[in-house]
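Down below is the structure, laid out as structure tokens.
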Amino acid sequence: MKRTIIIDPVTRLEGHGKIEIILNEDGDVNNVYLQIPELRGFEKFCEGRPVEELPGIVTKICGVCSGCHHMASGKAVDAVFGVEPTPTAKKIRELFHMAHFVHSHIAHFYALGAPDFVVGPMAPAGERNILGVIKKVGVEIGTEVLKQRRLAQEIQDLIGGHQTHVIMNIPGGVRKGLKEEERKDIEEKAKGFVEFARFTLKIFEDVVLGNKGYVDIILNGPYKLNLYSMGLVDENNKVNFYDGKVRVVDQEGKEHCKYAPPDYLNYVEERVEPWTYLKFPYLKKVGWKGFVDGKDSGVYHANPLGRLNASDGMATPLAQVEYEKFYSVLGGKPVHHTLAMHWARLVELLYSAERCLELAQDSDITGKELRTKLNGIVGEGVGIVEAQRGTLTHHYWTDKKGMVTRVNLIVGTTNNHAAIHMSVKKAAQALIKKGENASEGILNMVEMAFRAYDPCFSCATHSLPGHMPLIVNFRDAKGNLLRSLKRDG
Amino acid sequence: MENKPKLKVAAYWGAACGGCSVSMLDVHEKLFDILALADFVFWPIILDTKYHDVEEMPDEHIDVTLFNGAVRNSENEEMAKLLRKKSKILVAYGSCAHMGGIPGLANFFSKEEIFKRVYLENESTFNPDGTVPQPVCEVPEGKLEIPVFYNDVLTLNQVVDVDYYLPGCPPQTERFLEVFMAIATGAELPPKGSVVGARDKSQCDECERKRTDNKLVKKFYRPWEIYDDGESCFLEQGVICMGPSTRSGCGVRCIKGNAPCRGCYGPPPDVIDPGAKMMSAIATMIDAKESDDIKKIIEDIVDPTGTFYRFSLPAAILRKKSIYEEKY
Amino acid sequence: MEDKRIGVYICWCGTNIALMVDVEKVTREMAKIPDVVISRDYKYMCSDPGQDLIIKDIKENNLTRIVVASCSPRMHELTFRKALKKAGLNPYYFEMANIREQDSWVHTDRHEATKKAEALILAAINRVRYHEALDSRKVEIDPATLIIGGGITGITAALEIAGSGEKVYLIEQSDKLGGLAAGLDLTFPYLYSAVQMLRTLVRKVNTDPDIKIFLNSQVEEIKGYIGNFEAQISSAEGKETKLKFGNIIVATGLKTFDPSGMENYGYGKFPDVITSTEFEKMLQDGLIQKKNGTEPENIAIIHCVGSRNKNYHEYCSRICCSTALKFANQVRSQLPKANIFELYADMRAFGKGCEEFYASTSRKNIKFLMFDQENELPRVMESEKSDRCDMLIELNEKLSGKAVLVPADLIILMVGLEARQDVKHVAHATGLSICGNQFYIEKHPKLDPVATTTYGVFIAGACQAPKDIPESVSQAKAAAARILSTIARGSVEVEATTSCVNEEICCGCQTCIRICPYSAISFLEDKKVSFVNEILCKGCGTCGSGCPTGAIKCKHFTDVQIFSEIEGLLNMSYSMEEIKEA
Amino acid sequence: MEYKPTILAFLCNWCSYTGADLAGTSRLKYVPNVRVIRVMCSGRVETTFVLKAFREGADAVLICGCHPGDCHYHEGNYKCLRRYLLLQKYIQQMGIHPDRLRLEWVSASEGNIFARLIDEMTETVAKLGPCEVRKTMETIM
């Protein structure tokens, strides 16, 4: 007698989606579909708007990383006007961006990632959440987590004018400067971040690296994909979140390409599947070979792990140390273990904190030159920044009055759509055997493959976050649905 | 209050960005106070509760559901209806649920136009067979389904009965806390259909910029066309600001950031269509008498709908562009 | 909301409405509308029995709202409001549907007209549901009166008011009183001496202690409202006086038309072509003669100069024909042998005694020649020696159809009347409106000719349209009477349909303040809200449309009232059924 | 049944409404397609009213006020003109044909002009066919 398993919703995802795992008659995984059931159509309805309004509109693509969209948009708009922001404006923007990373990475690790490790993948569902983590690590730490996240947001609020949907960017610069006392305040907070980032890495080492079982899962679990890695780098090929060129390295870590934002169309292409609203980007020069990894498949990933792989190191001292440790422990560059993402994210957390401090101590930051004078409208512009969940590309076209005629967006999680799809399939194939053992813990381990990406489908689908039914359907060879199984049923 | 049973709260999202959920999480340490008063019985972003658990709940089992996001597809609508059934109080949380919000700007275009742009005529998309997503799709392993994408964006109260509206994009966390505490501590609630977590008076009442009665405008400027002096009323500088027809409660956050208000907090009581009200007001400010001079000034209002209905198009009297558009 | 019990009354207006609108059917249909308790039709709703019908129903069926479908509200809205008041119902619980002027009289398809009537009445029913009780307000009256214009009209009004012991300020722009009449010799049709008439009047005015006269003076801005006006008077010597008063009579009169622009009459070119004004002067001096001091043998009087002609003024100047006849009489008595020609377009000798005057004049050997005023004006030209006259007038005589040449030694142009240059200034100062001919507009051309739409401001005499002396005088006395009655009452009621600000909503954006044409809106610094002075407010509603917060309410024209009206009008164009669901 | 457009007209009390009354007292004839709302001044005509009219199914909206300079309230008609011009831009952006919204000056003495205006506008709108706004707003998906 065959059974049907239904698991819903896959929670603790800042995104909206649905994964169908289809088993064959024997109950082994036949295929997996990651379906994104949402679309809002920003690419269309931004048309006809004055381009300077876009930074205020596209933040609404995603309330989780709206700051990144604001930055990418701000840069694209600058390009449309053919200007660079003033040095002060540029630094203020990056400072905001760093605070944004600090808050988001803290949130992901403790609220979304850590539960799997700190509480444990096999722990009862009711405890596998931030509250469970707090119970485990102690309320004072839990309070500290929330506090640090708050401080990071206060900085965003202070600079961005909003803690969520920022309004700071104006063509050629920013609307508001920083006062000395504000700078001091940020500096103090940034010092705290550095300490907290190191403390968090310590927890990771103790709880995760200190636990053979977990390390084994990371290294030998079914969480390995041989993909191209993408990330934004500075002139020294060091990781940079705000500015630089996009670099892609292959499975061996050799540079596949390195391009300036305006050239992205020569390197990235997207595929449409009829069963999901979200597109699948891939490397144009390699081409789409389906949902497979390896050198011949254009599938790449752009995320903390991808960024570390794509770079030659971190631009700040403490983070550089962690960067080196990361690769030595995980057996050299590049790393293809999906779950290593959590560690990579913490390395980035430390970098963001350090960079935040650097900028807060930069004398330019309180400068008075906030806006570059505009002269004329170029009519097209591309802006690229790193979002927490991947490389973020905004491309605008306007008429000569600066009214938007076309918009193209390739956002963080979209880059990883195919990769997530494959990771989940791989995990499912390895973990679900004969369908009989589809226990809650096992299925949570399937989700872990997914969760590692911190996928934000509100971005990816330019749509809402939402519940994520993970359906495990038993079908016969002809594909007729036999039965499904509820994880918690 | 100890002996009083804890409040059963649910939070859900329609077509939204997640910012509303973030605004709820932004209570930071106060999260503990909230959890002392309420059990979250459904909150996908945070908790491992299951969708079908909600279906199994008795009707009105949930005390309060905070629904954010607009209604963009069949799934949003179904969830809205389910949660309405299961909840005593349904709150439209945030601009999208309240007025359609930014996603509502899609009401300028038909489903076809949107698909065409995203999947068919897109610079980075290679789609020789013209594939577009299908609600039901045959794959070798069987049928796959995704929700039906509606032709227009709807507000929450256009699909279900709504008890309260908590405006903002996203709502200011303090306002959420105030409202939440009021409900949790059993305070007297305003009449059904009220806007909560916002004041009746408009932005200007809280705005610290210098204001006079000289609202005569000879030219409207786009924000980048002038250097905002940071001190005087945007309108008096000729920069369009939705402040006068937008409720206060956000702490004039955009204006404090030197950006004009775009109206996410929605209209004051009794104003049916904030965009129209503001257009009416803005037009009277135009300082010209001859048609041609007036037209010239109006030229600088480059995107009336996108400006005056930035957050409220689906709730407007003309809630979408005429699909039977007339050629002229 | 309190329960609405609506009474609907549909008027036949004899056959005026009933012929084109199926009144009975409409009455039946309206009875089906929710909240309509009574739906009746009646021959003449505005008649006393008609009004009594409403009053009776209100009392017996305690109706709370009334709709009357009949003529234009501009005709009878007040009549019916009064009826409601009589019945103890607030007069503003009333709405009128105009199914005569804007329906039965203008349409030819009975079915369509009936459908339209249904729509209009349904809109009125929808609207009246949302009507609110309004109280008309009382305003104290300052007994002093300002009269602008020291012509015969102004003087008469001044004497009338001062006669009952009330203060009058009489403002005259020129250096003497009397206006146009001062330039007249005799008056038609009885040939009294204008000069003597005026002399007596002026003496009275000058000696009346209650009349203060300002010569060579002008009114600058007038502030305030009925009962409480305040003005700045500035004299030619630059002397400034502040005055307070409760009412205003505008009696600025008209000026005569300047024919210099009309080359066909050769005014200014031929020394002996003169205007009627100049001729009056000549008569006053007692000697009819040419510039060269000799006696004219041929005298031509040309009518309608500057009047009744598209290129100048389309209107009739009203007094010229009779004046021309008066001239003929005076010339005949001074120069028995002279040839007198009256060149006219139409003879408009109307008014008491004037037609008889025309008849008697025509028996005095005066030649009447008719010309075509629209297409072919007479033309004055040089004469030849052989003609034995100084000038010739060429014209096509309309009655005989012959082209004739009229000999003339003296030509009198009967110049028409037209507005004075400062008409706009005065209009602005007093808040009056001006019609296309630049005459001041009265409140109602038939029912309220001396009042204006600005409370406390009256118009009298020629400034409203050309008038002869008796008409001007009677208007002067009418205006005076109106003012005396308000003074006697000590206070007046003013319209209640003003704007007001909801201080709970007003955010103090101050958009409204400059919108108001009457500076009725001010900003209360302490409360940080706008405030409408409802006495200054004239209820135009522009501030309501300009208010971005909805804080300003235009009483009796609120958003919801207009919305309900729109719904009523448009849903009708679907079907009665639809509405009943709605 | 052939299509009969409905025009909703806002007339100011002092000039245009009086003008329309004059058309009646002069027994001039015009088509029965207009539905009149009286306001004291064209300055009271708010954008919301016009949009509401379209929303409720008007095929066209006509606003009439006093000629420039003749406004009984000095300048109400200028304010109306400004709103009208902005509205025109807005309704066109929303896909409504510009000929469906008109502003005309009609004085108290221009009954004939009012009558002609209604005939002529009805004809124009009839050519455009029914206004689909109401239908659009009522259809979902």
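Odds and ends about this structure:
As written, the chains take the letters A, B, C and D, and residue 1 is the first residue of each chain.
The rule is simple: a contact is a pair of C-beta atoms (placed from the backbone, for glycine too) under 8 Å apart; a residue touches a chain by one contact, two chains touch by 3 or more.
A quick note: this is a predicted structure, and the numbers were derived from the prediction, not measured.
By number of C-beta pairs in contact, C-D leads when C-D and B-C are compared. For this pair, chain C with chain D, the centres built from the Cα atoms lie 27 Å apart. Averaging C-alpha coordinates per chain places the centre of chain A 77 Å away from that of chain C.
Inter-chain centre distance (chain A to chain D, centres taken as mean C-alpha positions): 55 Å.
Of all residues in chain A, none touches 2 or more other chains. Residue positions 272, 277, 280, 284, 303 of chain B each touch two or more of the other chains.
Residues of chain C found to touch two or more other chains are 515, 542, 545-546, 559. If you draw each protein chain as a dot and join the dots that touch, the picture is not a line, a loop, a star, or fully joined; it has some other shape. Shown are all chain pairs that touch, namely A-B, B-C, B-D, C-D.
Residues of chain B touching chain D in their complex: 148, 150-152, 154, 158, 272-273, 276-277, 279-280, 282-284, 286, 288-289, 291, 294-295, 298, 301, 303-305, 308, 316-326, 328.
Here chain B touches chain A in the complex through residues 12-23, 25-26, 28-29, 31, 35, 44-52, 69, 72-73, 75-76, 101-103, 105-106, 108-109, 113-114, 117-119, 122-127, 131-134, 137, 139-144, 146-147, 149, 169-170, 173, 222-224, 227-228, 253-254, 256-259, 262, 302-303, 306-307, 310, going by the rule given at the top.
On the chain A side of its complex with chain B, the touching residues are 6, 8-9, 11-16, 18, 20, 22, 30-31, 33, 35-41, 43-50, 52-53, 56-57, 59-64, 66, 81, 107, 111, 125-126, 128-131, 143, 146-147, 149-150, 153, 160-165, 167-168, 170-172, 175-176, 264-265, 268-277, 279, 281, 288, 371, 374, 395, 401-403, 406, 408, 410, 456, 458, 463-469, 473, 475, 479-481, 486, 488. Against chain B, the residues of chain D that register as touching in their complex are 46-48, 51-52, 54-55, 68, 78-79, 81-83, 85-87, 89-91, 93-99, 128, 132-133, 135-137, 139-141.
Residue ranges on chain D touching chain C, taken from their complex, read 6, 8, 13-14, 17-18, 20-21, 23-25, 27-32, 35-41, 43-46, 48-49, 52-53, 56-58, 70-76, 79, 83, 107-109, 115.
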